[in-house]
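Below you'll find the structure, written out as structure tokens, and then a few comments.
To keep things simple, chains are lettered A, B, C and D as they appear, and every chain counts its residues starting from 1.
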Amino acid sequence: MSRIGVFVCHCGENISRTVDVEKVAAAAARLSGVAYATDYKYMCSDPGQGLLKKAVAEHRLDGIVVAACSPRMHEKTFRNAAKSAGLNPFLCEMANIREHCSWVHEDREEATEKAISIVTMLVERVKKNRKLVPITVPITKRSLVIGGGIAGIQAALDIADAGHEVVLVEREPSIGGHMAQLSETFPTLDCSQCIMTPKMVDVANHPNIRLYTYSEIENVEGYIGNFQVTVRKKARSVDMDKCTGCGVCTAKCPQKKIPNSFDRDLGMRPAIYVPFPQAVPNTPVIDRANCTYFKTGKCGVCQKVCGPGAVDYEQQDELVVEPVGAIVVATGFELYDIGPKPAGSPYEGYGEFGYGTIPDVIDGLTFERLASASGPTGGKIVRPSDGKEPKQVVFIQCVGSRAREKGISYCSKICCMYTAKHTMLYHHKVHDGQAYVFFMDARTPGKNYDEFWRRSIEEEEAVYIRGMVSRLYQKGDKVVVMGSDVLVGVQVEIEADLVVLATAVQARTGADSLAQKLGISYDKYNFYSEAHAKLKPVECATAGIYLAGACQGPKDIPDTVSQASAAAAKVMTLFAKAELEREPIVAKVNERNCVACFYCKKVCPYGAVEEKEIRDRNGNLIRVVAYVNPGVCGGCGTCQATCPSKSVELDGYTDEQVIAMIDAL
Amino acid sequence: MHAEKVKHDFEPKIVAFVCTWCTYAGADLAGTSRMQYPSNVRVVKFPCTGRIDPVFILRAFQKGADGILVSGCHPGDCHYMAGNFHARRRFAAFRKLLEFVGVDLARLQFSWVSAAEGGKWVEVVTELTERIRAMGPLEEFKELELEECWSGKIDTPELQEAYKAIP
Amino acid sequence: MTNTAQKLDTIPLVDSGYWSSVTEAIRTEAERLLSSGEVTAVIGYRAGRRSGTALPAIATSPEQARELVFSPGCVNNLALYLTKAKKDVAKKGKVAIVAKGCDLKALAGLMGESQLKREELVIIGVACAGVYGASADRSLPLSEETIARKCRECTVHAPEGVDLTAGSVPALPQLSPEEAEELARLEAMTPRERWAFWTEHFSRCVRCMACRQVCPFCYCEQCYCDRNRPQGVETSPRPAGNTAWHIVRGMHLAGRCAGCAECERACPMDIPLNLLNRKMAQELKELYGHEAGIAPKEKGPLAEYREDDDQSFIK
Amino acid sequence: MPKMITEQNLRALIDLLVKEGSRVVGPKAAGTMTLYEPLAAGEELVLTELPRRSAKEAFFPLCETILTYAKGEEGVQVNDIDPARFPETVLVAVRPCDAAAPGILDAVFSWDYDDQFYQERRKKTAIIGLACTKADDACFCTAVGLSPAETQGSDLFLTPLSGGGFRVEAVTEKGEKLLARYSQLFGEAGSAQPLPPAEPGGEKLELARIKAWLDANFESPLWQEIADRCAGCGACAFLCPACHCFDINDEGTEAKGARRKSWDACGFAKFTNHASGHNPRDAQNKRYRNRLMHKFKYYDDKFGKHLCTGCGRCVRACPVGIDIKAVLDEINSK
């Protein structure tokens, strides 16, 4: 006979307001196998936990049901309390009578009745719970960082500085990401490159960092502490070991008219190129799609001029397998394309803003390149159409962001600040120019942010117009901006020389397919999901994978760097242990009953099921059975539901436990 | 204005088999958002819909459930990558079998409710409860549960009374 | 005239020479296999004591091979004897098996479930004209009246992928698909009517487990429905437990059943069990294009998925 | 002077018995077959076919509840099923092979343990037997010492008459009482001749010889040979009029439930499975051997009877064609 203890929590009044907790405790006390039942104001408080521990000893309890909030909230708390009372923590269960009962029902009688029935089900379940012991698995103390922007760089440097090897994988030929494209940064107006490039160099020189640029993640297998990551090193056509970075090839390349995407297509680059002068590594890459040699088989100039003989047209993609114990995902963002609705995109476009058809309508990142001293115009702000200095510039905020009708309802977070910065940069460079900003409201929560924004208005003379723009059109060499000023209540029409759109930050194209390789979840905008919005903002629900930067959601640089360091800290925490302890919610095979049909193996999403040979003392094969690798098993239980004879069972969710609950209905 | 609480003649037993990551969390969200829904539903938590054995559905019907909800993560959102895909096929097949045996499928609801869809949880549970309330108790299984083979049937009223007390 | 109709029903589907030629082919091959030592046993049929009956036989010597027969009484799916449920036969070593088309599907299914290896098996395929139904009058020849329901819709008279085919398929008339018609009749009923149909049948079930024991796919060491901790399905032969048992059985066989209808034939209470299996097969074909065939499949329809599988039933 | 009853009156007798509150059980159409089932009216009686299941169910139900329990405020409450309340039953048109069975089973159900459930039902049941006038190739009652006209086991025995109706014979006191009580329905037999009894074919068995062989052949290749074919189901045992093994199961939860007794079969792999996991009859050959030994040796050793009435049901039902008569023939010839 079981000796279960039932503890009914009032949760202040959160539960007791609608549930008669005393009645629940009294009903629980009458249940078969319940040795003790009580109610208490706050079970999660110290005295509450103390009460539980005392009861375990006094009443020799062998199982506990805490009827309180969601197990997602406090299961750990109470299992730890049970553990410190000398009970196996897995003999403690929570009956959710708050989120699933008191908060969602008003009728006291009904809610009380439901609470009693929830407690009854959990009591029956606990009777069938078994003691479980945490599983330990070894940890490979190397880390993978995906993405070489500021987030990835920061995370990689922190982990590497702690003495652990880091594999940093970047898709582009150089690390640096979006931050390398920026001119100056808010709210201090530091030169982005000045603070960024030293970090890039640190990465290149760090003995603990193995850098793969122009590379992508091909495949990820394994689990926390033991991932096997396959990296595809795309053919660069230049041997990185031989190349000295002298730059002769790029200078001699006859094909020079290729729009440079790093400069938002404003500048041109050759077919063999480094994306920007401070690139790390400073090794060129051949853009095979635009290279004459690759297109026609003729040319070959770069190879001829290369002193060290580094140019290699025959180079193939290479697959490298890296064993790592933790993964930091820092793949960043891209900007919302505001042209006419692209085919297949879930978002409505902004055809009415003429982007792509009116040359002097640009986005914020393009403006950054115009304002950048190392940009295509050398930092001179000119119009793309005719190279003239614009005297009236209209900035439009929330283009795409917070536009539910266009398919995106979130705030991109950084646009208010960078637009304020843009008006300043513009005013610094074009003293007689006038900046106008159409905005919904200014969001400036951050250290020195509001001051910065006010300065753009008060000192840098930007004119902020609260209202939305309805249409843009070309009139002569001007772009007419038609909008409304909702404060004054009038229609506004401005003949601008240049229009800058603060377009929404969105997840990278292909973010979903990377997530599927990694086995992490993502939201409907393809931003990666953290395990808990508040308490686990860096961890993914998939153990051993952490998030840094804008791949999780729009972020500015300070937040990105903070999160990157936090992710690094999480990795270091993991690596601080010799072995990893994991929840023992894993499947186990009953070898006696297993008939080796291997349906479990066919359905296991983790590839955790292996074929195990059972041999006699002389080594003769008796039979083959299934074996679940506890380190690899994710604990979903699909195997058990599929196994016809239930010869594989998921600890913590056994048939006995489930059927006990059903029978207690 | 506070609406008068309506008392119904029949309050169905509704059982919900849910995964812990999406639907259980969605139901939690409905709670933290203080949404209101009928109190008929009893939740049985699983790690994943992939763990939900059709036997559980059958057993719950046998043990008195008038309606059953099975709910998990939307396709592509499974915490375990593919558990819900396997579950989807399994239940697509199982519901056909139940239907063929004569179970009215209006009593068996499947849904995807994400951790963010507290509102959808409320909607699904409310709709199912109301539907079953209108349909009345699931007599088929309840009658069957009391049935005996002729030779083991207890004919006297006293024994029948005693017998009825058995689950 | 009813008389003529009656006669049409009882006209032999094949002439008796067909049976003896298949029998002779099986005997010759079995004798060869056993005397050469290629196999240690041949699983086939021999004649029963009662006229018109045949029963599974395991021939281990050339003399016993001469006793093998093929007749309309050879109703059993011998694939059963290669499963783990029949460990004793497996112990005999490499074996040969006589298999009708429907049995071949079961063999393929077992191979897909890692229970058999093709290379460890000699298959003597039978060019099969059909066998008796469970209630047939065995004093009559195989005719439209006496043929088993499953054989009326057989699509695998000629075996494929076998080591030797015994006999050749005679010309056979098209027979009306009785089982398909019965299935359609049930599908057209209301749920209440179907419930009445099935619960009446299930209430007669005595839980003799013949359906399970003759099923080539019920090779579990420990049947789920025999468990008592937990008791997922009541073991007592009461209508409730019987219904649960047959539903669970139907589900466990969904996507695996090869359609041999042995469960139905073995049932002493005449429960039309194959209708359940057939219904599931039909649904899985419609939903996922799955069909039991004579080529082993790596995964069954319920062990795989497509991201765009139908989910119109999910809210 | 022998009595007779017309078919019409036989049906009227059933109607009358039902009206008086008796449970009347007899062959009744059930789907594709005939089964012994309670009759609501005389017209339901089927006289042409041997029921698929035996009549043992009337004494030894397929599944019966022996107690129920519920845990309440004052501890566990147990409700024992009281056999005294079992209904008075008349079994009608029982074939000799079925009628002979209770006479065999009485021994075991009143041996070391008095099975009240069986005995009470037995006491309250009157059996009206019916002679067989046709047999099929599975029937072998004559081979095991019975016959299609055997009256043993019946209280009242009916033999079909050539001109219709049945000659009626009171075999026991119970039968005579029935005859007296409903005398209005019975007439004088007159000169109508009984139809000749059926003649089951097949070899006669020397049961003593068979037993002698069984005594000496606990180990024999025969058992493995049969086991190789046996699928391990319970069809034979469940249809057999003499098989009487049962299992007792508690079904329900800790809070409430029922203890049920239901048929079991020695062919099942888990039949002798111990709680420890040990299974003394761990292979099918041991199980089939036990089946035959129990029927023709152990029961004989203990009670001087054999557990077979030659009804042939197991022969007809075995899905893998195991024919107990053929097995006995083989042993007989050894």
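Worth pointing out:
Basically, contacts are C-beta pairs under 8 Å (C-beta built on N, C-alpha and C of every residue); 3 or more make two chains touch, one makes a residue touch a chain.
On a predicted model such as this, the values are computed, not experimentally measured, just so you know.
Comparing mean CA positions across the assembly, the chain most remote from subunit B is D. By count of C-beta pairs in contact, B-C exceeds the other of the chain pairs B-C and B-D. Once the centre of each chain is set as its mean CA position, subunit B and subunit C turn out to be 36 Å apart. Once the centre of each chain is set as its mean CA position, subunit B and subunit D turn out to be 44 Å apart. Rounded to whole angstrom, the centroid-to-centroid distance between subunit A and subunit C, based on C-alpha atoms, equals 53 Å. Distance between chain centres (mean CA atoms), subunit C to subunit D: 31 Å.
Within subunit B, residues 53-54, 59, 76, 82, 86, 90, 148-149, 152, 167 each touch two or more of the remaining chains. For subunit A, residues touching at least two other chains, in rising order: 603, 642, 655, 659-660, 663. The residues of subunit C that reach two or more other chains are 224, 231-232, 237-238, 302-304, listed in rising order. Viewed as a contact network, the protein chains are fully connected, with every chain touching every other. Across the complex, subunit A meets subunit B through its residues 70-72, 96, 98-101, 103-107, 110-111, 113-114, 117-118, 121, 512, 516, 519, 521, 523, 541-542, 585, 603, 605-606, 634-638, 640-642, 650, 652-653, 655, 658-659, 661-663, 665.
Partner subunit B is touched in their complex by these residues of subunit C: 186-187, 191-199, 203, 224, 232-233, 237-240, 243-244, 246-248, 250-251, 254-255, 276, 279-280, 283-284, 287-288, 301-307, 309-311, 313-315. Across the complex, subunit D is touched by residues 48-51, 53-58, 76, 80-81, 85-86, 88-89, 135, 200-201, 204, 206-210, 212-214, 226, 228, 231, 234-238, 262, 265-266, 268-270 of subunit C.
Looking at the complex, you find that subunit D touches subunit A at residues 71, 73, 253-255.
Against subunit D, the residues of subunit B that register as touching in their complex are 148-152, 154-156, 158-159, 162-163, 165-167.
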